[in-house]
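Shared between the two complexes below is chain A, which pairs with chain B and chain C, respectively.
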Partner chain A sequence: MSGDIRLRREFIATSLLLLVLALLPLAMRDVYWLGVLVVSAYFAILASSWNLLAGFTGQFSLAPAAFAMIGAYGAALSAAYYNVPPLIGLLIGTVSAGLIGLVLGRIVMRLRGPYLALTTLSFAEIVRLVASNSINITRGDLGLPLEPWFNDRVIWFYVFLSALTFVICGLYLLLRSQAGLFLEAIRDDEIAAARSGVRIVFWKTAAFAISSAAAGFAGALYAYFASLVTPELGLVQQTGLVVSMTVIGGMGSLIGPVVGAFLVYVTSEWLRDVGGWQLVIFAALVIVFARLFRAGLWGLVITALAPRRKLA
Partner chain B sequence: MTSLLSVQGVTKRFGGLVAVADVTFDIAPGELVGLIGPNGSGKTTLLNIMSGNLSGDEGTIRLDGEPCTGLKPQRLARRGLMRMFQLTRIFPRMNVLDNLLVSGRALGLAADEAKVRANGLLEELQIAHVRHLDAGQLSGGQMKLLEFGCCFMRTPRLALLDEPFAAIHPTMKEIMSRFIRARHAEGQAFVLVSHDMPVIVELCPRSICMNAGRVLSDGKTSDVLTAPAVIDAYLGGAAA
Partner chain C sequence: MLSGALAADLAVNGLVTGLFYGLMAIGLALIFGVLRIVNFAHGEFYMVGAYAYTIIAARLGVPLFVALPSAFLFGAALGWVVERTLMRPLYANIGSWGLMRDEYAVIVTFGLSLLLVNLVDKAIGPYAFRAPALVSASRVVVGPALMSGQKVAAAVVTLAALALIALFLRFSYWGRAVRAVSQNRLGASLAGIDATAVSSLVFALAGGLAALAGALLSPIINASPDVGAFPAIKSYVIVVLGGMGSIPGAFVASLLLGLVESFGAVLVSYQYRDTFGLVLLILFLLFRPQGLFGERGREV
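And now, the complex of A and B:
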């Protein structure tokens, strides 16, 4: 199937899913569950941004949570020290994460597989520890408070859903352009892409910067929602959650991370009563999907809907 | 002779092993040159250096008179030097058409122009019927044809083909041979690495034989194949 048609089909399916999600507050007004949906949307942005890097470009970074934390601190520090309005804070968080992503992208340019994963993981831990120990600036683990932007969770839900829609539309436009063609080529075979004339350094760095900026955007938005930014945002467990959501939903598809984020986060809240078992259940699910269903839930849907060929 | 590609004193060592030793030759525009020699003679290493996939330890390479030693493969591709690898390199998770479009777009063709060119190549290489399949689902021969096609999305100044005929069906070999003959007649230059001597004899007016990293013989293919040193090192008694 043409890559264009496949991408368009995923975009239509994602749009329909977002439409269904937009109707949820009409049927459900519970503040707690609205909060769960907001956090799910936050993770959906984070997972989609990571998917651009890992699923579409083949760069397995372990720093998405760190970039969300950088975005959150960008917004929180500019609000705390310069009293900037939320929209400018969002911009600062997004741009600072994007710029740091650009630099890190250049540094890890030639690394692949476990070396790339380990380097980005080390970067993530360094950033988190710097935030945690810069008590004079960030207040360390006490966290940096922010004036809430809105108080109504329904409004927050629609703000996050709009942000997710914005990110998905941006990714769709990027992936259906020649940039998408080049990124997928780099993912499949970097040497063949170079032979074909693709500017590897430029496109890999661009993907890293865009992905980091999107994660920073999610983090900055989350900072205003939570009204408190702590180094916990950058914990490696958060990255583990982002990876699990993407793998379960379907890595390398536009819709997979969105499905995975809502499914995993809502289910984990639902299973909260079973305590530590929820982690066991998700860990087992990741093993099952990684071993048996590499294309994730979206891949299963596509296989189920595909017309069956009859043997002659 | 005006030189399209000039290789001067290129040497490459891997620890104590000299894989390519002081290799010098020129390729003229429109020439079709066979590069032959026993396994381990340094043909692929030399091609890797020429295509920017490996840097040489000594020597210079010029393309169209301009130095290109140490340039990255993507820069060389944009300057018209395309490479087909011995072990097929395609984009397995992208469909066949998109595989070709990557080359076309990266080398500066507009979207519509690239599509027209890609479809034309698919027809010519007789793999148009699989254009919407993922490249990873193709047969080995079809993959070879696809990679071959990728090298011609924009007419290259020089195509370096490393074992294009290895392990493919004779029909596909004929499709590729016909393509090479036609492009050569239009003035396209090639370096063709192959162990298939009948094909080398049929296609290449000139051949270079390498052994132990050195050029053993360079000249008319019939002369190279009957040179005692080449028979001794590569062809053995059968070719005499």
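And now, the complex of A and C:
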């Protein structure tokens, strides 16, 4: 099946999923669970942006949480020191994460596999350590407080859902264009892609910058939601969650990270009452999926549907 | 600025810290040499060793010279199981990852790290565990420096373990097999070396060494589920500095990092002391990916 049809099918499925989510507040107004959905949407943006790098371009970064933290601090610092309104703060967070991603992406362009993972992991740790140790600027681990944008959880839910929709549409348009072909060509064989005239440096750096900007956007939005920004946003464990969600949902598909994020986060909140073994289960699932079902849950759905299609 | 006595004290402390780093980093370098992957769960073997030692020694009341080897064996067994179950697709063409074997390795070891941390957190508890002391002496004078007895005892065992590993790699059949496979897996296989067994051996050895490091340091740094994160990051820095996969390089880089951190904390900035190594790692990967002693020409 051609990639174009596959991508369109994934986009339609994602849209349906988002539509179902958008109808949820009609049936459920519980403040706690709306908060859970908001955080799930935050992770869905992070996972989708990481998927652009890892799943579609083959650049296995371990810094998505760090870029979210950069976006969050961009918003929080500009609000704390220059009293910037939320919309501008959001823009500052997104752009600063994007610019830093552009520079880092350009620097790590040549690195692959374990080397890229190590470099991005070190970068993430450096950023987090600097944020938590620069106490006179960031207040360290105490975190920076922020004026909340709204207080109504329903509004927040729709804000995050629109942000997620915006990111998904952007990714769809990007991947459907020629750029999507270039990125996948780079992922599958960088040298062959270069020989066929794909501008490797440009596209790899662009993917890194776009992914970082999206993560920063999510982080900045989350900062206004949580009204407190701490270095904990950039912990490696947060990146671990993002990777888990993407792998469980299905790496390299448009819908996988969204499904993974909502599934993992909502179930883990739900299982919290039953003893809190949720993280153990999800970590085990990551290993099982990586080892046996590389295409994730979405891949399983596709293979389950495929034979029936042949019969019809 | 720096008195002679302080400098000597910093040097001795830095070198001792470096020895502990070495115990962690050499396993990582062995794994990289043979399988060409970075084990992102390396710190969790350290954590498992710390718990194994603490529980065996404190709960069962077993003497020290039994508890420490048990921690090693526990880590080695875990390493062996992990290699058998999860690392085989890296060289046996199982699964559908094909060209993305590097990515598979990152995901699986990263997932393993999450699994072990959370498993211990749930099964044993998130609070820190106090381990029984290695020796009863509280303060020992080492040359110009004054050090805790625990640290000295741990350093002596570490030195012994490192010497044993060096002898093993240099002279034994399996040691030479490990070096042969890290030089050329196919060539070694053609010469009749069982590369699959070597891969298992290396993972077991690395797991055992990291567990031993955790056990030795548990009287100083109490065991907790995330105690492995810190030594793991140090050993990533070290294998990059020493040249990925180079054992002597990893050893020298360990001592060097110990010294850099010990002096850097006093001379440059205490606040940012943990970032020095990471900055070095990035600079090295960008400008000298073969490390201080590694060979040129390895693909990055």
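One rule holds in what follows: the second predicted complex is superposed on the first by the 303 of 312 C-alpha atoms of A that agree within 3 Å, B and C clash if a C-alpha of one lies under 4 Å from a C-alpha of the other, contacts with A are read in each partner's own complex, and residues count from 1 in each chain.
Everything that follows uses one rule, which is that a residue touches a chain if its C-beta (ideal position, glycine included) is under 8 Å from a C-beta of that chain, and two chains touch if they have at least 3 such contacts.
All values reported here derive from a predicted model rather than from experimental measurement.
Of the two partner chains placed by the overlay, neither chain B nor chain C lies in contact with A:Leu271. In the superposed pair of complexes, A:Val84 makes contact with neither chain B nor chain C. Touching more residues of chain A than its counterpart among chain B and chain C is C. In the superposition on chain A, A:Phe123 makes contact with chain C only, while chain B stays out of contact range. Contact with neither chain B nor chain C is seen for A:Val95 once the two complexes are overlaid on the shared chain. Of the two partner chains placed by the overlay, only chain C lies in contact with A:Val236; chain B stays clear of it.
When the shared chain is aligned, no partner comes close enough to touch A:Leu24: not chain B, not chain C. By the touch criterion defined above, A:Val301 reaches neither chain B nor chain C. Residue contacts after overlaying the shared chain place A:Asp188 against chain B and chain C alike. Within chain A, the residues touched by chain B in the first complex and by chain C in the second are 188-189. Residues of chain A touching chain B in their complex: 1-3, 178, 181-182, 184-185, 187-189, 191-200, 252. Partner chain A is touched in their complex by these residues of chain B: 51, 53, 72-74, 77-78, 82-83, 85, 89-95, 97-98, 101-103, 105-107, 111, 132, 147, 150, 153.
Partner chain A is touched in their complex by these residues of chain C: 32, 36-38, 40, 85-86, 89, 95-97, 99-100, 102-108, 110-115, 118-119, 121-122, 229, 233, 236-237, 240, 244, 271-272, 274-275, 278-279, 281-282, 285-286, 289, 299-300. Remark: chain A residues 54, 58, 60, 62, 107-108, 110-115, 117-119, 121-123, 125-126, 129-130, 133, 188-189, 236-237, 240, 243-244, 247, 275-277, 279-280, 282-284, 286-287, 290-292, 294 touch chain C in the complex.
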